[in-house]
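The same chain A turns up in both complexes below, where it pairs with chain B and then with chain C.
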Partner chain A sequence: SVTEIRSGFTAIKANIQARDPVRTLSILSYPHSLHKVQSSGRCCIAHNLFNFYVDKVFKHCKTEDSYINRKISSIANSFLSMKRKLGQCHEENKCMCGQESTEKFKQILANYEGLNVTSAAIKSLGELDILLDWMEKSR
Partner chain B sequence: SGELSCSLPNPRNVHFESVNMKNVLRWSAPEGTGGEVLYKVKYLVYGVGKWIRKPECRNINRTWCDLSSETSDYEEQYYASVKAFLNGMCSDWIETTRFNPLTDTKIDPPMVSVSSTERSISITLTAPEKWRSPEGESVSLLQVYPGLQYNVSVLNKKTKKRWFFSVSNNTLIVPRLEPGTAYCVSAEIYVTTPLLHSGFSKEYCIATLKDK
Partner chain C sequence: DALLPAPQNISILSTNMKHFLTWSPVIIQRETVRYSVEFQGEYERDYANESWIPICECSFITATVCNITEDISATVAYKLRVRADVGTRRSEWGTLKGFFNRITTSLTPPVMKVTADGYHLLVELEDMGPAFQFCVLHWKKGQESRMQQKVVKEVDSVVHLDTMEAGTDYCVKAQTYVEVINRSSDFSQTQCVRTQGGRSVWLV
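Now for the complex of A and B:
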């Protein structure tokens, strides 16, 4: 659940964010905050972002710290189960992707591809609270 | 050439101290120095391209700087940084960790008001306001944290029996109490995600009316 992801992230937030030296770039918030996405596009963005984290981010987040790695894999497992739930909404056509949300997700991918894969993955992981704050606010 | 040499020890423990989203940058003087050191402050919205100087905190000798209005958008995250100057020397810029006002603020306990009848107590709870600038609009933390709840404790002063209640709305009536008895109430705010606790308020005591 979101609460499990939140507590797992809180435990590693300082460590992961300290590994990201780039202050002036954001994967999720550039150029516009997730909060600017219209409500109609939220399910689509959430669905795409869960796939993004599972397929692209977690696998590139290995660290030398076994405690951190364990926390990352438990967050990844929570993401997998939430990804399945959102997948069902997508299959039942309750998760339409309009132009705005499609553009927003394209921008997120472009921000990600603009960095080398390890830096991009660590930065994305360090921005998990941006995703969680947005999801909780949109509930 | 008047060029500063940055060999001054660095400011220490540079961090945001935040209560109800009043966000104050604080730090300690460099090792071995005191009140004679001057400081400069800058801040940055995470993911946005430039650091911004805070003019009101330029060449100050205090060790704090109120950045509440610069960090009032709690949908953004921030960094701040401090540099020290003394006798023609300077330190490095020393940064905070990434500051998320939504998760990194402390919340004050709610205001509690109580009234009583012969056999019940009525409790009204008010969540604190988010910090705002003088001309800013009043925003309750209830609007910031939709999942905000109250934990309420009611103590019978005579029997020392205590009840706990968890409520989402801001009023609570405790029925079936003893007439002419003193009860003390305290309350805390509790947010599930992100996980935040205010800690309990002080106790507000009231006596139920005597039986007619």
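Now for the complex of A and C:
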């Protein structure tokens, strides 16, 4: 659940954000915040972002710290569980992607690919609260 | 050195979203056997090369039980394994048969205490952790068809259920609900109270 993801992330947020070498860039918020996405495109963005984190981000976030790794595993498995639920909406055509949300997600991928993979993954993980805040506001 | 046998009879005890891995001890005369536990979630299996994650609180322990609650924090299928060490000798991994998903935890009815404070019907519920909500049903004795329901999301104090009429019996029962697995416990035993001029009388 989002609550569990938030609690897992809160436990490692400071540590992960301290590992982020590039403070001048944002992956999720550049150039526009997630909050600018219209309500019709929210499910599409959420579905794509869950896939993005599961497929691309978490696997490149392994650290030397066993506690951090356990918390990342906890978040990743929660994402997997929620990705499955969102996947059902997508299959039932309740999660349509319009031009705006498609463009928005393309921008996020471009931001991600503009950095080396480890920096991009750590930065994306460090920005999880942006995603969680947006999801809770969009409920 | 004979190979150290792997731990056997590995099983999960899971009640009210508290999960414990247990196994039978490996017996080596005049030696202290230590055990280490690792877990693997569905994410690790499907996206991270089937990697395993050690639980440091259960690394090189002598006990034959490990609290895995904090690591089983998603509603997905987990694999668990444990191995033994004696000095430089190390066993193979003993792996839990099948998977464990927290959706199978057993949920027990909540412990509750019903009281009447003057004409106020009150219930005190056991704090079972952040994952738990409570559904409390209350009714006038004999009027089971007019049950009222109150959902309690956080247990931090006594809950006010109703204002009672004098000399009337009021009954209460409760069940837990765990949102992350979308399951409820059975209902608790019904407890009834009656006000008699400001004093509460237990009627079980």
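Here, the second predicted complex is superposed on the first by the 139 of 139 C-alpha atoms of A that agree within 3 Å, B and C clash if a C-alpha of one lies under 4 Å from a C-alpha of the other, contacts with A are read in each partner's own complex, and residues count from 1 in each chain.
As a working rule, a residue touches a chain if its C-beta (ideal position, glycine included) is under 8 Å from a C-beta of that chain, and two chains touch if they have at least 3 such contacts.
Because the structure is a prediction, the values reported are computed rather than measured.
Engineer: One more residue to check, A:V117. First (chain B), second (chain C), both or neither?
Structural biologist: neither
Engineer: Should A:R23 be classified as contacting the first partner (chain B), the second (chain C), both, or neither?
Structural biologist: first
Engineer: Looking at A:R70, would you say it contacts chain B, chain C, both, or neither? Reply first, second, both or neither.
Structural biologist: Touch status of A:R70: second partner only.
Engineer: By the touch definition at the top of the document, which applies to A:R6: first (chain B), second (chain C), both, or neither?
Structural biologist: first
Engineer: Examine A:S78 and indicate which partner it touches, taking first as chain B and second as chain C; both and neither are also allowed.
Structural biologist: Touch partner of A:S78: chain C, not chain B.
Engineer: Thinking of the overlay built on chain A, is A:D55 touched by chain B (first), by chain C (second), by both, or by neither?
Structural biologist: The second partner, chain C, only.
Engineer: Looking only at contacts as defined up top, I'd like to know whether chain B or chain C touches more of chain A.
Structural biologist: After superposing on chain A, more of chain A is contacted by B.
Engineer: Quick check for you: in the superposed arrangement, does A:L109 touch first (chain B), second (chain C), both or neither?
Structural biologist: After superposing on A, A:L109 lies clear of both chain B and chain C.
Engineer: Across the two complexes, find the residues of chain A that touch chain B and also touch chain C.
Structural biologist: 3
Engineer: Mind listing the chain A positions that touch chain C in their complex?
Structural biologist: Touch residues, chain A against chain C: 1, 3-4, 8, 54-55, 58-59, 66-67, 69-70, 73-74, 76-81.
Engineer: If we count contacts the way the header does, which residues on chain A are in touch with chain B in the complex?
Structural biologist: So the residues of chain A in touch with chain B come to 2-3, 6-7, 10, 14, 17-18, 23-26, 29-30, 33, 35, 126, 129-130, 132-134, 136-137, 139.
Engineer: Touching residues of chain C toward chain A in the complex: what are they?
Structural biologist: Checking each residue of chain C against chain A gives 39, 41-44, 46-48, 53-56, 70-71, 73-76, 78, 130, 179-180.
Engineer: Given the complex with chain A, which residues does chain B contribute to the contact?
Structural biologist: Where chain B meets chain A, its residues are 44, 46-50, 75-77, 79, 95, 97-98, 100, 102-103, 146-147, 192-195.
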